[in-house]
Amino acid sequence: MQKVEAIIRPEKLNDVKNALAAAGFVGLNVVNVTGRGVQKGVVHIGRGGETYEVDMLPKVKLEVVVRDEDAEKVVQLIAQAARTGHIGDGKIFLIPVADAMRVRTGERGEAAL
Amino acid sequence: MPQPTIDSGDTAWLLVSAALVLLMTPGLAFFYGGLVRSKNVLSTIMHSFIIMGVASLVWVLWGYSLAFGPDKGGFIGDLSWFGMRLVGAEPNADYAATVPHQAYMLFQMMFAIITPALITGAFAERAKFSTFLVFTVLWMTLVYAPVAHWVWAKDGWLGTLGGLGAYDFAGGTVVHINSGVAALAAALLFGRRLGYGKEPMEPHNIPFVVLGAGLLWFGWFGFNAGSALAAGGAASNAFLQTNTAAAAGAVAWTLASWAVIGKPSVVGAASGAVAGLVAITPAAGFVGAWEATDGYLNILPAIVIGAVAGVLCFGATRLRSRLGFDDALDVWAVHGMGGTWGAIATGIFATAAVTSLAGFQGGVGGLIDGRPEQLLAQFAGVAATWGYSFTVTFLVLKALDLVMGLRVSEEEEVVGVDVAQHGERAYVLEEVGVAAAAYAVRPAPAAQPAPRPQLAQGESQAASTSP
Amino acid sequence: MPQPTIDSGDTAWLLVSAALVLLMTPGLAFFYGGLVRSKNVLSTIMHSFIIMGVASLVWVLWGYSLAFGPDKGGFIGDLSWFGMRLVGAEPNADYAATVPHQAYMLFQMMFAIITPALITGAFAERAKFSTFLVFTVLWMTLVYAPVAHWVWAKDGWLGTLGGLGAYDFAGGTVVHINSGVAALAAALLFGRRLGYGKEPMEPHNIPFVVLGAGLLWFGWFGFNAGSALAAGGAASNAFLQTNTAAAAGAVAWTLASWAVIGKPSVVGAASGAVAGLVAITPAAGFVGAWEATDGYLNILPAIVIGAVAGVLCFGATRLRSRLGFDDALDVWAVHGMGGTWGAIATGIFATAAVTSLAGFQGGVGGLIDGRPEQLLAQFAGVAATWGYSFTVTFLVLKALDLVMGLRVSEEEEVVGVDVAQHGERAYVLEEVGVAAAAYAVRPAPAAQPAPRPQLAQGESQAASTSP
Amino acid sequence: MPQPTIDSGDTAWLLVSAALVLLMTPGLAFFYGGLVRSKNVLSTIMHSFIIMGVASLVWVLWGYSLAFGPDKGGFIGDLSWFGMRLVGAEPNADYAATVPHQAYMLFQMMFAIITPALITGAFAERAKFSTFLVFTVLWMTLVYAPVAHWVWAKDGWLGTLGGLGAYDFAGGTVVHINSGVAALAAALLFGRRLGYGKEPMEPHNIPFVVLGAGLLWFGWFGFNAGSALAAGGAASNAFLQTNTAAAAGAVAWTLASWAVIGKPSVVGAASGAVAGLVAITPAAGFVGAWEATDGYLNILPAIVIGAVAGVLCFGATRLRSRLGFDDALDVWAVHGMGGTWGAIATGIFATAAVTSLAGFQGGVGGLIDGRPEQLLAQFAGVAATWGYSFTVTFLVLKALDLVMGLRVSEEEEVVGVDVAQHGERAYVLEEVGVAAAAYAVRPAPAAQPAPRPQLAQGESQAASTSP
Amino acid sequence: MQKVEAIIRPEKLNDVKNALAAAGFVGLNVVNVTGRGVQKGVVHIGRGGETYEVDMLPKVKLEVVVRDEDAEKVVQLIAQAARTGHIGDGKIFLIPVADAMRVRTGERGEAAL
Amino acid sequence: MQKVEAIIRPEKLNDVKNALAAAGFVGLNVVNVTGRGVQKGVVHIGRGGETYEVDMLPKVKLEVVVRDEDAEKVVQLIAQAARTGHIGDGKIFLIPVADAMRVRTGERGEAAL
């Protein structure tokens, strides 16, 4: 099994979720992260004129654990739905998973996904 | 009794006071709302807010008539003022000779709103909304209206307009003991919140608690000084007693929490102000001069009443916590016990000089004026209110438990009453956590005006939407 | 007309009322601010707040003169009161004989502030700040001032001081229909928010919505009861009608949402209170007695007006949602439709007895008093305001769209108007999520005072900073 | 001087004004609380809130007597009014002939509360709570009471009741310069916050800042128009000047921030309103007519005073940022500099016509009335307050630093003062982040009522608790 | 070493934490996530009757890095404490960890746990 | 490739970020976590004297995916910048990554970092 970790733009989350669901990949987790990359941040301004320059931007990290043979398909689905072509589109990482369990039933391995 | 003609200054003062007391109920909504967990804040706020609607309607239909209408045996009014019949623009000299009868009725309405709202703190975070609505209507009718009648109505058996002569200037008995004791009954019948004593039930928004306390303090000037029903010396004195007791209560609870638990608590300061305000409520128009009107200790009674209330209610909160009944927002400890102390303190500290200023009964003082018998009248008021309010509230809730059920389901309680009962959640705040630590700060630029900051240099966060 | 001398009670009442109405605008800022998404809350609050600045200046410079100054053909005033010329400490007996002319002008100013602020709900979350500022100045000059003149100024063609005799006690036409219909025009021209109907646009902070509603309810006593311009029977009656309609509106919308969508909505209760207040605004000084002044149904008109408003505006909100135009905060549904219902209801329920109490036109009632012709005057007021406000607002916005552009860029809308237009974000709250579930709670310790709690035993969280 | 009899309208107005000014302190708590980081919001709010307690007690015990009691050499009062001795229901004709003496004392009390609360902005986010409490008591006694005496007491050396004749209608010197200069001394002695200039110290809750500004604006009507001490023309004029300057200040700071840093700032609008209010405070009862009472420019002085204050205080804030001393919430920049400008502007724009309306000194104007010598009196007031307040505040704090220590430990500062000093944290909000993006929205359903929405179909989130 | 990643119901977090501590596993991390699976979400209602249907629900992700030989024990402990038998109980994943370091001391490998 | 997961004190985040950027490691993600270890928590106090004892403390989890040869260097950089020598300094874990993709361009493997 592989864990597909995708760091994407928050505003693309809905598109990606829908694309995955349409292809049968329902189970997933999302978590808010703050990321730094090539992309530059937003500037906030204080009362006395101080500027607060964010060098990190809000991103969303999606985690989907899939069978090895589905990994590439999921990567492609996410990349297509998340791409804008501009800096800041994010990254996808593949991380090996040794085992899984469905808590409700105790099923193990790919049956747990 | 003066010839009833309308005085514009008195009317302005009473209408403003009514508005101030109305504002106390949203204030209470925030005081209470900040103390609960975030999943129940809307339900808690809603309790107070919808009571502004329900209690207003009950009052203009039958509540005012039952409470202040022509007397039936000293116990309750009749229905001859139903629907505002005979409540018009002319003064009613029995109650307030220099303002329209409607203005007096409106001022009283605001008390009838906040009293059931106070009770809701007892069953916060677990009450079924439909049952709560029915309870509010029944309680106003069966408990609030009679007790208000006993104390304040012409010929009520307990008060100063032809009754026993128990002093309650602005509602220590009618509002605070009444709601605090009803809260005790409610806490026993509703039972504890799931996880009580095991999971943390920390206040979710303490700034809201302080906002509520601030609005309550502000509104309480209407509550107490408005109860003088005229803009003059009695109102000024009541205003002074009120502010001083609030101050003493806030400081006392803060110091008590510092001494006992090691830190001066902000929630404690807010609670202490409320405790002081509760305790001064029955006394505000009767106390003021300790010995003589030119004495250096003139202000001492208000300080004592407020400070004792702060310490006492702090102790009652701890006692409640140890007894283990779940009066979730400590209505009994603050309003029940604070109100009881205030009623007794009024019997101790009332002086003839101030009392006659208030126009009540032509000047009879309390213990320090050599009239210990006033304490008896005060005890009678306390005992009657405790007994009646507890009993009837208990019976009403017991009946409702059988008929409708008091609590939400366990499942709903876990999810939170906001989503479960109202289909809404309080906050949808974007994640902003780490971002705060992810900043680089620069001091204000020097001479030349900064270039208009852009969203980003070269590239923007939201490029995806503008292809 | 009484000899113009200043009455201190009336002046106190009017100044307090002016302050109360001023507070409604921050109240509105929170009512609206809570309803939008968190990325646009500052921009929404800023709309109302900066209008307190801009509209105050417009009013003292030319607005008051255009609205209330010497009449030009029934349509508008002239500029002879520009910059507060001739607006001094003496009463102006045409408008209010017992208070300084400045006090009357100030009271009117607060209405001129909140009216454009109400409109901003239509274009929340997408308006360009610069265009909005220009729009506000133009709208006050070209729409608000004339309509106020028609209805309230001496010799205005529509009102009771020498016009058609349409009743608008406190601004049902001038404030609510006017802003609600302008909002309709604005919603059409601004177009829908990006993602409207696809993405959730859930209120981000419902406690703020209730805070706003509480402040609005409180301030509305100044709005309506202050419009009696004196502290007496008329003010008391207006106060009573106001509170009752607010109560009925809150309860009605809550019950309607319960019946239709299955849960009693907290946002609905707050919205319903506002709807009831809107509808009673034109009527507050004219209604009160259904049959006779001693009737058991005296209070019924206010209940009917409020309850119908609650249900009607709830329905209008749903209708707007189905029609699909994006009046983001439902200004049309609540103020436009609620105000229209109120204007008509005034024609139905006005009674001679109450009307003469208010000193307007010496006592002429409406339909239930056997004068259906009053309904005609009311319809004229409604139609004139709908037509004029919609047309001129539409033209002004169309022109601004061409010259400056109405909306922020798509990119800015995605990022949020707060950061994009103001360079600020509303909240920087530390992450506190899971922590709440990570607690172990202990009941209050028993007898002996607890040891002063330390940050930690043995070791501290922040050791890194104190090496 | 008129025969001292109580006027109910004046009394109503003064009591309401006192309540309004009291509300300013919770308003300030939120204005300040929103500007700090979330880990210090409770401590910041607590500073203001507990001062409502502490300062009230100081005032009724010895503060009022020192400030307004029988004069000692023009510098301070004696203790003959200690504990409210001789402060009763009768008017004190020296100060206010138509209201109870207690009402005047109460109104003054509210000024004595907010002044030390203003100072707390200087040492926000790092002050030791115990030291702050002692400082407040000492500062009220050693700084506030004398300065108030100089300016406002009978025979004070600086004011208009037998002194130099410096004009300070409602506290520009006593409240604003006094607190602003004390804040400067405090900022220097407390030193910078850890990480100042390196870490971001962004406001954590800007809606709270605007809420605070809204309550301050509202309460300031009591502050300034209440200072007329009667409900008539002078109060109306002061109300008008106050609102106009607030408006001009809000607009001016907003435009200045737009011009200089590229975006119209929301915090700037709120700060600008406060700056305008500060500056108009000493002037509100003295300015109004630029040339003649029927002039088209009657309102110009208030606009100029407010607008200059907005720009000046914005500049002072930037100057403070560049000078690098850490007056955390810019008390010096806004209150010190705004108050100084207001005092001077009063000497420029005061006119005899308005001044006599206020009943002060029978009508003497300032520079534009051809009396440049009034400017000298104003400069004397400014210089005396700057010098005295800075020196005594500095000495008091220096002494406290040696005896108790001014600041929390570095460790406590990193953790946050809320947890470290009060054992409480402001917010426990559940994680709701991504959820907002995880929704599917549906338009309102059509004709048939929707089925009562369930928590979930088939299965529920919280099944675990109901096995 | 293995990282045990358990996605569980928030209301079960305390039980799981206590069970782990009782068995000697004190060190762990928790993060809020939002998950999608078979389980259906909550419905919120807008003023105009719009419904906001959450298709994702709040979950809690627990991370414990343990020695290989403890992994199965930890999985079982978590599963027992987190199980309700209803849909939505969550999943547990095992992810290989190559190395670890205790920042305070610089210790590496299993000694760092 | 390796994912370096570092759990550190929140107040050290800025130092760590700067140290990484100075050494050329710009891309990274941060997420708030709550951790339990040897370190004891803060005590909050309720109105009635109840104490709320936090047994978990806020931490920050940093994630940087790097080439295998850079992993050790990054671990050392983080450890140096994050260390205070007191309990609670945190842990660093190394987790193997099978593949990566830059969403914007579709680049794979180390080219995507």
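To keep things simple, chains are lettered A, B, C, D, E and F as they appear, and every chain counts its residues starting from 1.
FYI, a residue touches a chain if its C-beta (ideal position, glycine included) is under 8 Å from a C-beta of that chain, and two chains touch if they have at least 3 such contacts.
Note that the coordinates shown come from a computational prediction; the quantities given were computed from them, not determined experimentally.
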| item | value |
| --- | --- |
| Same or different contact residues where chain F meets its copy chain A, judged by the half mark | different |
| Of B-F and D-F, pair with higher C-beta contact tally | B-F |
| Intercentroid distance (Cα basis), chain C paired with chain B, Å | 28 |
| Separation of chain B from chain E, taking each centre as the mean of its C-alpha atoms, in whole Å | 44 |
| Sites on chain D at which at least two other chains make contact | 7-10, 12-13, 16, 37, 199-203, 205, 211, 260-263, 265, 267, 318, 321, 414-415, 419, 423-425, 427-431, 433-436, 438-441, 443-444, 450, 453, 455, 460-465 |
| Junction residues of chain F - those touching two or more other chains | 11, 14, 17, 30-34, 36, 38, 42-46, 48-52, 55-56, 84-89, 95-96 |
| Touch list for chain B against partner chain E, complex | 199, 414-415, 419, 423-425 |
| Sites on chain C touched by chain D in the complex | 6-13, 15-16, 18-19, 22-23, 25-26, 29-30, 33, 37, 41-43, 45-46, 49-50, 52-57, 60-61, 82-90, 99-100, 102-103, 105-106, 109, 129, 197-202, 205, 208, 259-263, 318, 321-322, 324, 418, 421-430, 432-436, 453, 455, 460-466 |
| Interface residues, chain A side, partner chain E - complex | 1, 3, 17, 26-31, 63, 65, 95-104, 106, 112-113 |
| Interface residues, chain E side, partner chain B - complex | 11, 14, 42-45 |
| Interface residues, chain C side, partner chain E - complex | 35, 200-203, 257, 260-263, 265, 267-268, 271, 317-318, 320-321, 330, 333, 433-434, 437-438 |
